[in-house]
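Both of the next two complexes hold chain A, though its partner changes from chain B to chain C.
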Partner chain A sequence: MWAFTLRRLLYAVPVLLGVSMLVFALIHLAPGDVVDILVPPEVPKEIADSLRQRFHLDEQLYVQYVAWLGRLMVGDFGVSFFTGRPVAEELFGALGNTLVLALPAAVLGFLLGIALGALAAYNHGTWLDKLFSATAIIGVSLPHYWVGIVLVAIFAVVLNLLPAQGMGFEGLPTSWEHVQHLVLPVVTLSLIPMGVISRLVRANVLEILSQEFVGTLHAKGLFSRRVLYHTLKNAAPSALALMGLQFGYLLGGSILVETVFNWPGSGGLMNLAIFRRDVPVLSATIVVLAAIFVVINILVDVLQALLDPRMRR
Partner chain B sequence: MHSSWTRRASVPVAATLALGLAPGSALAGGTLRIAMTASDVPTTTGAPDNGYEGVRFLGYPVFEGLVLWDLKSADKLADIRPGLAERWEQDAADKTKWVFYLRKGVKFHDGSEFNADAAIWNLDRYYKKDAKQFDPPGGAVAQARNPFVAAYRKIDDYTIEITNPRPLSYFPNMLPYMLYSSPAQFEKTGSWAEFAKAPSGTGPFKITEFKPRVSVTLSRNEDYWDKAKVPKLDKMVLFPMPEPTTRLAALRSGQVDWIEVPPPDAVPSLKNAGFEIVTGSYPHVWPWMLNLAKEDSPWKDVRVRRAINYCLNRDGLVTLLNGLAEPSVGAFKPGDAQFGKPKEHYGYDPTKGKALLKEAGFGPDKPVKAKVMISTSGSGQMLPLPMNEFLQQNLKECGFDISFEVVEWGTMLVALRNAPTAPQALGSDAMNISLPPSTDISQLALYFLSTNAAPKGRNWANWKNEEFDKVIDRIEKSSDPAEILKDTQRAHEIIVDEAPWAFIVHDRNPRAMTKKVKGFVSAQSWFQDFTSVDME
Partner chain C sequence: MSQVLANLPRATEPVVSVEDLHVRFLLREATVAAINGVSFDLEAGQVLGILGESGSGKSVTLRSLMRLLPPARTRTEGRIRIAGHEITAMDETALRHVRGAKVAMIFQEPMVALDPVFTIGVQIAETIVRHEGISYSAANQRALELLEMVQIPSAARRLKSYPHEMSGGMRQRAMIALALSCRPTVLLADEPTTALDVTVQIQIILLLRQLQQELGMAVIFVTHDVGVAIEVADRIAVMYAGRFVEVGPTEKVIDTPAHPYTAALLTSTVLGSTFGRRLEAIPGTPPDLRALPAGCSFAPRCRHAQDRCRVHMPPEAVLAPGRITRCVRVADGELDLGSPNLSERSIAKP
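Then we have the complex of A and B:
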């Protein structure tokens, strides 16, 4: 098991290196750089160029990349070109804000997805199956930023029950007023994982229910609840893999949902860094998010291997 | 300030903000909550980013210049007034030199004194590259907005002298763009990044809380030097909210009291719901700058340039924007004293436009083909896509075959800083970019002087007019206000008649607010005064 985990961790190194190179190259492919955005239109080229030299943007791309990577290796994320603030401060603050959204959204989405999927499969062909399947399809199909806007229009503007935007607190929510700020973005964010998981669980459970061992379990006189346990256990590995991916997406922060709700999370930070061409912030954000993504997937792999010994081979 | 998000959970101010943002919560004695269009809290060092919106909110309310804008009147174009300098004079013997007599008794928010040493220290911040306090981004902006500081020196504790490279009568008009921060606070904090977390200026508001990407709170400066302008508000909380629908929802749900730039489509519903739509009328052109340097430019013929100005259906565009803009027929507005009496009176006159095109050799079988660089969004760009599509359709009827090069804002800025013939222009024949407001001749000189032709300066069109250059030269050397006004009018007449730009609309600087906001006077300027505002 340890060898399996170690191997997975080693695979992560080239992945992260590749991601960092790709990000660095892509942001430099876009026209303009941070100086073009940082200084207003009236700043002439000569002055903008002198600022560019100060940021070492006039150096070869590989020189900039190696210098950045060298600093990253010793844990120095650098300083934002745009704000002058330490990137680590901006990044981990934003990641924390996203985590506050992603965790409840994941829990809500996964629980609902598993419940709806399993119930739909167990009631295959009935109106309940159709209802739950339709709910899952709606969750996957509707653009979640649009759902967010509709929820804001209903619950914030018309009913005035919940805040329309903003986080309204720092760190963790400690009161109902804080939780109010979470409700709409969490519901919006949970829709896609709910729909995706529900579809997968339904399909898996249906496939498992048609297998011979389920008939054997019934023939042996097991209660339906016990049969359900075995069914879900068999459906778990693939659902887990998907949940890992979905949680990774949620942690990356949804740029659109964070924009609609003005949530100061990692998606918004990344969006801002792209528009500002703020290389230190963008590179660090993407590499850290990629690292989180890789770690989550390793954890999922390990969990899958624990659940299904065949996976260790 | 915020080293870890978990630690922040214990910050007591969080509860205060949460209360401030709770829907429908009661206002705590004069707190005004404003949603800005900025994507982040503008820099709080006294050299705000986020364009002139940054200057509006994190500039003048907190930091001040030697010269300030007079923003108390809605009836006339905002002029300059004494700020940290109580008076100034141009050296009669050597007109390149200006002496500024600094105001005594002015203190920064940290309690330190504003004097000549502080003023020189700030000038070093912007202009002296080896100074400890040199601020590269702030310096770049200051040098661009005020490229005429050749030298400066302290005369005594309350007097300084600034030297220009050439006589420049409008130099004081350029000084409101340079704001002064506390040297003592910089020494205490050690860097501009740290200073930004605990800023100190001399303005009527002081920054009491700063949360990157979330909000900044300004509180009344009880010790403000101008007792008549001590703010009525207890606090002003500013939120960056770049998404228009989010700003709209925040206003409609009671999370903020005031939003900048409401979406035009929302204006009728906001009015019906009892919100105030406040607009201002001031010169802030949203133009097409015509590329006159391109070899095959159709605009080289002045008749074509005039034709497009006659063919523009500005009123139709204003209707499209629900009145959040007004027609522009020059860099100034016809009611402004500086407008003058140009020969060309642009209005929607397609017949005249077509006749001019015919004279220039164009017609229904040979339309004027032009590619215009437009952005998807950007500072001061209003709604570039639908507005330009409207103009494309409008101009087609007149004989213009307009196509677009749609680019992202950053790409447009790159093109703007390069020559119009450079590859960065992507072969464009014009550029739709709203440059900073031009309420005085200093800005127009920067945009239109031939010596400022891009890539050297802001004259992207590369328009050259000898008479205009001579008039500006006379203005720069003059000390007589009447003569300066007369020449400003002449300079503007030339701009209108020669039409280096297609003048389309003036931005009306719209904002929507609840009826609880009282005492706001919409000055004829991009900048506004918040000291008179009160909450009911």
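Then we have the complex of A and C:
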């Protein structure tokens, strides 16, 4: 098991290196000179050149890449071209704001998804199955920014129960008023994970229930809840894989949902960085998100192997 | 084994008693009549072999004895008593106390019949904990003894093994240990050797026979293999289209079959024919259980069939105590099917 975990960790190194290269290359291959965009056209060429020198934009690309990677290794993400503030400050602030949404949205979406999926499978073919399956399909099919707008219209504008926009606090929510700001965006974000997970869990549990060993479990006289435990442990590995991916997506932040709710998260930060051609912010955000994605997937791999010994290879 | 059992005193009440069992599967497009009136008694310590082709209803009979068939799509009629329990009249909760404790089952394919993500030890121990309420560590100790009883080498290590880490024969031994974990009165074996290599088959059959005698269990052993049935069974019931067409002591059924289907089955196996003689396949195909013929269901494939065979299903005729046939012509003494094992048959070959 330890060897397996170590191997997975080692695999992450080339993956992350590849990601960093790709990110760096793609951003620098995009047409247009950064400095030309940043400074007004009437600025004298000498000043523009001095800016290029200051940010080492006049050097060879590979030199820039190695220098950038070296700084990343020691945790130096550089300074934003646009605001002049340290990238780390902006990035981790935004990521924290996204996490405040993503974590409850993931918990809500996953729990609901597992419950609906398992219940639908256990009541296969009944109206309950049809109702839950329809809920799941609606969850994945409705554009979530549209759902966000509708929720705002109902709960903020008409009923005046919840705030329409904004975060209303910094860091972690500490009061009921703060939590009120979370409700609508969290519900909106949880819809897709809920739908996706419930569809997978339903299909998975149905497949497992049709297997011979479930007959053995009943033939042993086990209580239904123990049979359910066996079923869920069998269904867990593939559900975990999907949950890992979904959580990764949530951390990337949804530009659309963050825009609807005016939430200062990582999606909004990335969006802004693209428009501003803020190369240090953009590349650091993508690399950090990719690293988080890789770490989540390693965790999923290890958890899967713990649950299902056939995956320990 | 049968000699040993013949000396046992006859139990007053059979441990398994099945009366007029009917099982139908309701499918969207049709109703499948899988079991059409099966009745039998089985006494403690006896082994009944149910012999038949695939689709004849052998496994369905076994599963309905434990009510393991999907309830939504299954209609069961008749009466089943096992070890004093009215299986057919029980609620699900009461049934779960009987399953695994009084009556246990060995499945055909241990690879798929064992949960892949739990160790063998846990799968055995959880059954003991469930029925006997002892601690997991005590149950683990029992599981170890069971693995030793079914002769699994380095049993302590195998307790922590997962099904995919074991060989087919070892998995089936583990399955047997699991089935025997709560000392059941009745053991149901659903083709337990079919998925195994021939050499392993013999080991498993010998093991089952030995354990059956040691523990004095009643066993119902389902197989399509005549040779296996002869090895294990005291009595044989030959099944065709959801009915027992012939029942009798093993030697009697093999030496002097009392139903044309049994006779045909025996000549169609390597065992029943003599070396150098061609095997005879049974002509035609097994009947469609969605639309059974009015008369004897074997009549369309039977070389001895007459018009009267096709009128209605022949009732069970008792030829001798415990010897039953569903062939009207044999019952009336018109038809002698001879003995398929006699060597004259091969001499008579042109």
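Keep this in mind: the second predicted complex is superposed on the first by the 281 of 313 C-alpha atoms of A that agree within 3 Å, B and C clash if a C-alpha of one lies under 4 Å from a C-alpha of the other, contacts with A are read in each partner's own complex, and residues count from 1 in each chain.
In this section, a contact is a pair of C-beta atoms (placed from the backbone, for glycine too) under 8 Å apart; a residue touches a chain by one contact, two chains touch by 3 or more.
Keep in mind it's a predicted model, so treat the numbers as computed, not measured.
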Open item on the list: Between chain B and chain C, whom does A:135 touch in the aligned arrangement: first, second, both, or neither?
Closed with: neither
TODO: Identify the partner contact of A:234: answer first if only chain B is touched, second if only chain C is, both if each is, neither if none is.
DONE: second
Open item on the list: For A:172, using the defined touch cut-off, is the partner it touches chain B, chain C, both, or neither? Pick first, second, both or neither.
Closed with: first
- [ ] May I ask you to decide whether A:310 touches chain B, chain C, both, or neither, giving the answer as first, second, both or neither?
- [x] second
Open item on the list: With both complexes overlaid on chain A, does A:217 touch chain B (first), chain C (second), both or neither?
Closed with: second
TODO: Check the residue A:48 against both partner chains and state whether it touches chain B (first), chain C (second), both, or neither.
DONE: first
Task: chain B versus chain C, judged by how many residues of chain A each one touches - done: B
Task: Footprint overlap on chain A, where chain B in one structure and chain C in the other make contact - done: none
Task: chain A-touching residues of chain C, taken from the complex the two chains share - done: 63, 66, 68, 72, 96-101, 104-105, 107, 109, 112-118, 126-127, 130-131, 162, 164-165, 178
Task: chain C contact footprint on chain A (complex, rising order) - done: 125, 211-213, 215-223, 226, 230, 233-234, 307-310
- [ ] Under the touch definition given earlier, write down the residues of chain B that touch chain A in their complex.
- [x] 2-11, 14-15, 17-19, 21-24, 39-40, 43, 49, 51-52, 136-137, 140-141, 143-145, 191-193, 196, 211-214, 239, 241-243, 245-246, 249-250, 252-255, 379, 407-411, 413-414, 416-418, 424, 433, 435-436, 446, 454-458
Open item on the list: Which stretch or stretches of chain A touch chain B in the complex?
Closed with: 30-32, 35-48, 50-51, 54, 79, 82-86, 89-90, 92-97, 149, 152-153, 156-157, 160-172, 174-175, 177-178, 180-181, 259-262, 264, 268-269, 272, 275, 277
